Amino acid sequence: MRVSTRAGLVALLLLWSLGPMLWQLYTSMRTPEALLAGAGGLASGWTLANYGAVLGGDPPFWRYLLNSTVVGALSTLLTLALAIPCAYALSRRGGLLRLLVGGGLLAAAVFPYVLLFLALLQVARQLGLANNLLALCLPYAGLQLPLAVLLLQAAFAELPPELEESAVLEGFSLWQRLRWILLPLMGPAVVSTGLLVFLFSWNEFPIALTWISRSELLTLAPAMARIAGSSVYTVPYGAFAAATVLGSVPLLALLLLFQRQIVAGLTQGAIKG
Amino acid sequence: MSALLLMAPALLLLLAVFVWPLLDYAWLSLQAQSVFTGLEAVPVGTLNWQRLLVDGRFWQDAWQTLRFAAVSVGLELVAGLAIALLLHQRWRGRGVVRSLALLPWALPTTVMALGWRWIFNDPYGPINGLLQLLGLATLPFLAAPELAWLATVVADVWKTTPFVALLLLAGLQMIPGDLYEAFALEGGTPWQGLWRITVPLLRPYIFIVLLFRLAQALGVFDLIAVLTGGGPASSTESLAVYAYLNAMRFLDFGYSATVMLGMFLLLLAGAGGLLLWRRQTEVRA
Amino acid sequence: MRGASRRRLTAIGLGLGLALAIGLLSWAWARPATVVRVLMPAPFADATADLVATFNRSHRDIRIAVTRGPFETDAVSDLAISSLLLGDSPYDLLLMDVTWTAKYAAAGWLQPLDAWLGPDALEPLVSGARAGNRIDGRLYRLPLVADMGLLYWRTDLMETPPRTPDDLVAISKRLQEQGRVRWGYVWQGRQYEGLSCVALELIAGFGGHWGPGEAGFGLASPAAARAAGWLQQLVHEGISPQAVANFAEPEALQSFEAGEAAFLRNWPYAWQELQREGSAVAGKVGITTMVAEPGEAHAATQGSWGLSLLSGSPHPQAAADVLQALTGEASQRQLVRRYGYTPTLTALFDDPELVAERPLLPQLRQALEQAVLRPLNPGYAQLSDILQRQLSALITGRGDPAAAMARAGRDSDLLLRASGQMLDTPAREVSR
């Protein structure tokens, strides 16, 4: 492929991937009049008022970001705490159990989880888990366990068994082996799995929509949907765009910081799955 | 024994989150639990299932969901493979472009669905702005059934193509380069190489992509809920949106559970078909 | 000495008494007011903002806190339902569309108002506005503003408006042939709640009744088939544009306002819009009720917004006080004068001052007296959906009206049966 062709294709790819985002950025800094007047006149009509409106709303927008961060971080910790022992045990077992559990996990990993919202809503009602950010971590951990266990199990399986055998001879207990020998070697796999779980929890919509009704507890995804609940035609689009930009920035930062680990996690899933 | 002990907490949570709901739905689909019964469950036998069989909206939505999934996933496969091939070549700045191209996948669906609503706005969105600049009439993207459907497909392809591209890229990196060299020596063109070497060897990856993406696309909810709300005239409504409406707007939990179980059964049938297809292609290959 | 000590005692006593009084007063002063939380759709939250501020200034013990809900009716209901389902509602009062009442009451989310407002709470209302608030004999909602379907007609094109469906078709055809209008009649044909309102009026106008009692919830009847067939005929014969199949209120209004059509079905709000500067039909519009077969009712679909008291409210008495204040005469008067809403109180329709300011009021009252309710059924949202689907298919296609209405009837029956209505009480339908 010629270099100029490739450059053209890369430019096209970036335009397609980033264009919609850039348009949001542009919209978010335009006054309503400038948006309705059309393309003419880029010299005037710029404003930061849209950001002011979104950040000064009731509740302010950063609250949603904070809620999502809290839920994302706690769900990730809970998922890893449950998945690591499970993945270890699975990788050390052979035979029917592993086949059965592995198959079940794969089926659960691809299951369109939106189907579960009604039953989970009833759980929330009966156990009084509604409007509680900590409680929201339970279904999130459950939903992400299959993928997490599959990824970590593959990573455990790659560690040489001699390592653990010699540790057993040294008299290390199971906990000591996990903590001091195996986990340090699992660092990259744990980080990339954790990032995928975090992304899922940050972005999750239907469960959050049904478990949280108080506006000050909303996470980002249902908050955006509630903002969108205003009419299709007569909406303050500048403010909408400011909200989408603010909602995207943390993820953009996360992606740029950890892109290698996220990509590794994703491709691991493909290769091992 | 200790292995089971280590796995127990995770397996218990998995049972609670995945298995219990399905059992609950199986029970609920045999009950009337709705506003008619004061939200109490009353056994009604197979009435919900009889209703499902003749419910035109369920089958219309099933067809719409299938059409949406087939077209979006098809487009994503083609675009994803093209992007993967582009990213597979060695050039400077490849890493940065790869992470930037991944951005659409990482964003919450509801965030960008709201963004797309503005992009498709009639007449102030950029697409209609461009049409007006060219002296053409604006298009009511979200108000006309076919155009609204197209809008959902475009937004979905935009969001998930990076994911597909990345998985296929991982597959490409597993193919030894000397295969292509040998093929070129025998006089094969790069285009032939794509069909004779790349696609056949990528088949396991394509299968994984199909499995993940089809399951997700058939359960599409976030995107439709925010972009079109299922309209206009339920033309973009998916089965998940219909089930949600039944529960949260019609307050008909028994039927909502039946719709979801019905959808689950359709999915199972689809997955069975896919597995059969894979087995057959493997035998042939 | 004794006098001095007595004076001192008195002074101490007075001082103590004063301190106690100040203490008590400031305690009473500082006692936090009961906060009554109200969820309203955004337009109503804006229209009542002044009323709420006035109330809060004049009441020390009660404070109203309004939550400004989304714009769309459905989105407001979604928000309310999601918090009610979780059993954790942060609201005391809810401003509800008339079609929600049965559903919310059946779900057990509403408190009957009879205990707070007495048995005569609906007496001051014009009769058309009384319907739709009582379920199973209990009062669940007090209306704030009324709404009803009207037939708008062009006074410059005809002497008197049509009263029967045949009249409307004949006048339309004549005007279209003469080239004086492009279309005869524009209405709401999109697949949404507006289409059900159109159908309700016509089914009544052809002598039928959408509701329980007859086979197929009244839809499997010749009257319903003729009503549906008439709508189909309007589109097929070009009296209504094909685009009417995607018309909601704004599109129909736009077409009529541009002078394209002789007749329009819409709500009272359209009047002001049609009279504004730039409207091609300003000063040339009359209103009447929907056409009907000779001897049948000229029906107007009743739509209204009213306040309900939620079961979970921790201070129902305070909430009921707020409910009465917001739906009261002073409040309604301001909504009529400032925002052009239609009142529900007889006193306001009879008020000569208000009538002078809003000359349409007597005609609106007449239409309101003809108002018919959409079925007051907990499953109304689904029943309406069933009807809309069949009608939408008829308008956009060549299907047989009788067969389509029979299907709608069968689906309605199936829904009611599956939903356990038959197992429960035979008729949860309502007494007016």
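For reference, chains read A, B and C in written order, and residue numbers begin at 1 within each chain.
Note that a residue touches a chain if its C-beta (ideal position, glycine included) is under 8 Å from a C-beta of that chain, and two chains touch if they have at least 3 such contacts.
Source: prediction; values computed, not measured.
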Required steps from chain A to chain C (each step between touching chains, minimum): 1
Chain whose Cα centroid lies at the greatest distance from that of chain C: A
A-B compared against B-C, more contacting pairs: A-B
Distance from the mean Cα position of chain C to that of chain A, given in whole angstrom: 42
Between chain B and chain A, distance of the C-alpha-averaged centres to the nearest whole Å: 17
Length of the line joining the C-alpha centres of chain B and chain C, rounded to whole Å: 39
Residue list for chain B, restricted to those that touch at least two other chains: 248
Chain C, residues touching no fewer than two other chains: 78, 82, 85
Contacts with 2+ other chains: residues of chain A: 121, 210
Parts of chain C lying in touch with chain B, wherever the complex brings them together: 74, 77-78, 81-82, 85, 102-103, 106-108, 190-192, 246, 378-379, 381-382, 385, 389, 392, 411, 414-421, 423-424, 428
Contact set on chain C toward chain A in their complex: 42, 70-72, 75, 78-79, 82-83, 85-88, 90
Of chain B, residues touching chain C in the complex: 32, 34-39, 42, 44, 47-48, 50-51, 54-57, 143-144, 232-234, 248-252, 254-255
Residues of chain B defined as touching chain A within the complex: 2-7, 9-11, 13-14, 16-18, 20-22, 24-25, 28, 83, 86, 89, 91, 95, 97-104, 106-119, 121, 124, 126, 129, 132-133, 142, 158, 162-163, 166-167, 169-171, 174, 205, 208-209, 211-212, 215-216, 218-219, 221-222, 225-226, 240, 243-244, 247-248, 253, 256-257, 260, 263-264, 267
Chain C-facing residues of chain A, complex: 121, 124-125, 130-131, 209-211, 213-214, 226, 229-231, 234
